[in-house]
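Shown below is the structure under consideration.
Letters A, B, C and D mark the chains as written, and numbering starts fresh at 1 in each.
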Amino acid sequence: MYKLPDRSSGTSFDTIGILTSGGDAPGMNAAIRALVRAALNQKIKVYGIQRGFAGLIGGDMRRMSSASVSNIIQRGGTLLKSNRCEAFKTVEGRHQAAEALRKKGIQALICIGGDGTLTGAHLLARESGMTVIGLPCTIDNDIYGSDDSIGFDTAVNTAIDAIDRIRDTALSHERLFLVEVMGRKSGFIATQVGIACGAEMILIPEYPRALDSISHTLASNRKAGRGSSGIIVVAEGTEPGLTERLAGYLRQHGEEPRICILGHIQRGGSPTGHDRVLASCMGATAINYLQAGYTDVMVATLGRELIPAPLGDITARRKHDPRLSELVMLLHK
Amino acid sequence: MYKLPDRSSGTSFDTIGILTSGGDAPGMNAAIRALVRAALNQKIKVYGIQRGFAGLIGGDMRRMSSASVSNIIQRGGTLLKSNRCEAFKTVEGRHQAAEALRKKGIQALICIGGDGTLTGAHLLARESGMTVIGLPCTIDNDIYGSDDSIGFDTAVNTAIDAIDRIRDTALSHERLFLVEVMGRKSGFIATQVGIACGAEMILIPEYPRALDSISHTLASNRKAGRGSSGIIVVAEGTEPGLTERLAGYLRQHGEEPRICILGHIQRGGSPTGHDRVLASCMGATAINYLQAGYTDVMVATLGRELIPAPLGDITARRKHDPRLSELVMLLHK
Amino acid sequence: MYKLPDRSSGTSFDTIGILTSGGDAPGMNAAIRALVRAALNQKIKVYGIQRGFAGLIGGDMRRMSSASVSNIIQRGGTLLKSNRCEAFKTVEGRHQAAEALRKKGIQALICIGGDGTLTGAHLLARESGMTVIGLPCTIDNDIYGSDDSIGFDTAVNTAIDAIDRIRDTALSHERLFLVEVMGRKSGFIATQVGIACGAEMILIPEYPRALDSISHTLASNRKAGRGSSGIIVVAEGTEPGLTERLAGYLRQHGEEPRICILGHIQRGGSPTGHDRVLASCMGATAINYLQAGYTDVMVATLGRELIPAPLGDITARRKHDPRLSELVMLLHK
Amino acid sequence: MYKLPDRSSGTSFDTIGILTSGGDAPGMNAAIRALVRAALNQKIKVYGIQRGFAGLIGGDMRRMSSASVSNIIQRGGTLLKSNRCEAFKTVEGRHQAAEALRKKGIQALICIGGDGTLTGAHLLARESGMTVIGLPCTIDNDIYGSDDSIGFDTAVNTAIDAIDRIRDTALSHERLFLVEVMGRKSGFIATQVGIACGAEMILIPEYPRALDSISHTLASNRKAGRGSSGIIVVAEGTEPGLTERLAGYLRQHGEEPRICILGHIQRGGSPTGHDRVLASCMGATAINYLQAGYTDVMVATLGRELIPAPLGDITARRKHDPRLSELVMLLHK
């Protein structure tokens, strides 16, 4: 539960735009709903921009009403649709986007997405002077400056649910499963999921291990009668092709591992309570930040607080949480 | 809801054994529970045989009580564990198994599993004269002689749940997904899942199609504004490597398909109501069949009835349901 | 999986209307989708009538396109909304409804709902000569003439999921829970749910029992060490106030039962695979029946077949399945 | 993700006991598992005490091994069983408990439960000098000194899932539902659930409102076209009988509200990822606290940190979070 800041009357906006961009994440719709409702409460007109930055450049936007966001808080995906847009990675593309906004009379833009999206948002703000607020929304939780991101909790629970099923088979057949989860270059999903599933081992980019060391740990566990869950969780970004190579290596050493790549099921589904509340509070807060005169920031979490965090930092720095490797090390011991 | 047959007092058994073998399926535990409870009600002693036919040959079995099957009706996997056993595929192996049963004083064996398991059960019955009853239990629903099998309904619902998530992303990104589901050489899972998910196309072994024909149908759908779900369901047994080849072909023709292979998540999880009731009724019926003097049969479903079906037919024939291709054709039209 | 009948070209329709009425059930949207898509495939125009018979009398209807039923197959509730309508219970009201249909040029009406809805549909057909087809859609599965109804399987699974949670507490506290499930005057839900949850006892209208007999069975179970699940499933229609009276009675006899009334959670939620496929096949079949010249019938299931069943029988007879009491008796023994 | 403290070698324990007491909560098993595994890693022997304080007084305890907590991290309820114990509320009862522990050679006790349990734990520590550590584990999240408690996140998600179903009906019938959720004297569950479900109104003990004021707000919403979700979430502890009285009041003012009391389904079920990780980290930390010499404290969360919080404060103070009323006020505006 987050404390919402008081509304400052410093700046007033007549019309804003909202878009979702990059990989979709559960909670995007809840964020859209909160933004639209909070803006309308403040008598601000809202345009929903279709298909992310591509739709922005193309001027594909439509007015949103309170009714247009009814009954969407529980839905996965994004009703504004999303896209990856090459044009927006160029100065020229961003210039066109700013023009499209001005033409429509849109004074501020709110961008919902992961680090690609928020980086684009930052460049747009810097280059065009447009007021821009970001909402960190990615299942990977890899955005520098925010402890949490919309969609992470849901993706973790989806992966857990899948692995709980796989474990039924792992235990019934006394067989080892290598389960690859998403997370891009970070081990956030893998660590949370691995601990929650009682995994025997968790492999993450933050704590790389050699194949023989992995195999040795497994063998020690067998000897000590430990690690009977039969589940090894592998973060997709640990090393290219690690899951297959590990399976091959273990096969040579007497195991019969099976591979499961959870893939895109981790992106969708109805958001958890946590992600719905986070999205709702972040959405309402973004409108407050706007009115308080902020720009080029995202609504970030720091512990249980919502804070404005500079969008520029995201590009400059890489999120790193030493707790991940500590927890993983503890587990492997 | 099934009608349970009256108990005949023709044959009386003192001691029976139960095993699960082959790939695990949701509802195996519910079947074990029903068998144990129904047998104990008839004052029949029950041995639980560990790890399928391997444990049978090795004499790895233990007495089961009513309490040993408490609170398992809702659990995935099998508490008796399962295995694939090479030795049992030989006459010598089956001979050892029959000896192990006789040594323990076990007069009848109940085998829970798919067609490999039930084929083994049939050979044991024929060669050793042992009384054997089978329960069709496989997610693939590919057992000749029974409309339904324990685990099929659950696997269908698990796959549907996964695809509902994938569709959130498919719709948000307006992108095509090729989702490969299990089913071995049959399209039962794929057809049921594809219809339930509103798939644009379903590819099954029973109704093979050439790549260019598939691509042509997709293109026609695009033109007609149809098929917007973005989901193509592919049965794993349609053609080796079909999913990847189709993705490659479509990529050459302007699509950007993504591939998801649902894999082992389809095997586990808490069984649905349907599978729990089916397993419970089949378990109780198996004990009735025993007492009525049946052997070398499985408890099968015909519509809403449970009937004894000869285990020998499973090996001799291949289950084929023309409705699958009819429904799929209808969809593609 | 159902066999769909061949399309006869006997009768041709230009325009039809669809409505949902009475209590909502999961799968209503899947049925609407199938009807709309199948009708449009046959070049038939479709009006969606809002709020059931009330909207019909009021002429509240709008044209439906293929897109208007996109992405709804998985949604609970009904996008056409539903209602109970007093006016339609009068000849005058039904006369107005027929007029409203004729005014719009609607030649046939398809009604999705439970026995109140289908009874109304029958009277409309008989009195006005309007072509009417029904789809049995109720969680209670209490419609005479059809083994199955859309929504039943989902409601059963929802109740099972709830009771699985309650059992965690029942077992942890070694305490008895009386769980009341829906089903109106029938024990279909209760029996299916009770068996699937391993209930100690199931109380249904079809097999009434006196309080002291119930209490006696529980006491015998305790003595025999049976019935440890701690769950008694009570069908809401067994006897008015039974759950509370039973709780009171048991309290006087040394138990500390808790009561849970599952209530409206059983109506909603995403339909199961079974209900989606059933709704899809029934919807497509209804359009076939129309074109084959049927009227005053519903699409019913008989075992694994879809058949036309006269709507008039629903009012005249009460669905009764002796298997329910047999199964319940077996359990209590 | 929590940082685990370094292990101090200050104090060494040979044998400890673990119990769960009071209402069960999802995550109790995950906490037991973490405690047992962490203790065994430190060569500490562990006794599992059955049925909470009642079993403690009665000396009902057994040695736990690593295997005895295998495959339980995902299970609801508590394998140690739980109970409310009147005897332990007396000095004499607690004295007996301390004796039972000493007789078994147990040097420290870890108590998992809500405020009744932790209060008892505190009194035992103070009166007997026994080393006692608490783990806050209640769905209500009402324990002073800890932001979070094991089981809260799961209960919130279970209630959300139920209300998502109810909303299908609420929207289909355009009808108002009053949904009563658990939470004892606090509005934590209700507020989180209400926001996540897009409730029209949330009624909590921390922000009491008169019936006419509630009715007035609803009427204003109707006029303004707001609040179409049809869901009012009521915390059970707001006022005795509020839900029924509100329903009666609204009925007199032209609404037809339905009541749903979610009840015990909120206690059970597989814990969410959040609760599993929280329980795992708290369990490991409790063993660290023991070895660092702590007693009469619980493992509490402060933002994203785990801290030792005095058990004595729980009895002395009442947890209050002003954010609840702020958020609720904001919603009602």
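Please note the rule applied: contacts are C-beta pairs under 8 Å (C-beta built on N, C-alpha and C of every residue); 3 or more make two chains touch, one makes a residue touch a chain.
According to UniProt, the chain labels map to these proteins: A, B, C, D = ATP-dependent 6-phosphofructokinase.
What you are looking at is a predicted structure, and each value in this text was computed from that prediction instead of being measured.
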Checklist entry - Along the shortest chain of touching chains, how many steps lie between chain A and chain D? => result 1
Checklist entry - Remove chain B in your head; which chains still hang together? => result one piece
Checklist entry - Centre-to-centre on C-alpha atoms, which chain is most distant from chain C? => result A
Checklist entry - If you match contact pairs by residue number, which of C-D, A-B or B-C shares over half of them with A-D? => result B-C
Checklist entry - At what distance in angstrom does the C-alpha mean of chain D lie from that of chain B? => result 40
Item to check | CA centroid of chain C to CA centroid of chain D, Å | outcome: 37
Checklist entry - Hey, what residues on chain B touch two or more of the other chains? => result 164, 167, 171
Checklist outcome for this item: All chain pairs satisfying the touch rule are A-B, A-D, B-C, C-D
Item to check | Residue ranges of chain B touching chain C (in the complex, touch as defined) | outcome: 1-4, 33, 41, 66-67, 70-71, 73-74, 147, 153, 156-157, 160, 164, 167, 171, 188, 191-193, 195-198, 225-226, 228-229, 270, 272-274, 276-277, 280-281, 284, 303-305, 321, 323-324, 326-327, 330, 333
Checklist entry - What does chain A use to touch chain B in their complex? => result 20, 23-24, 26, 28, 51, 75-78, 81-83, 158, 162, 164-169, 171-174, 177, 258, 260-269
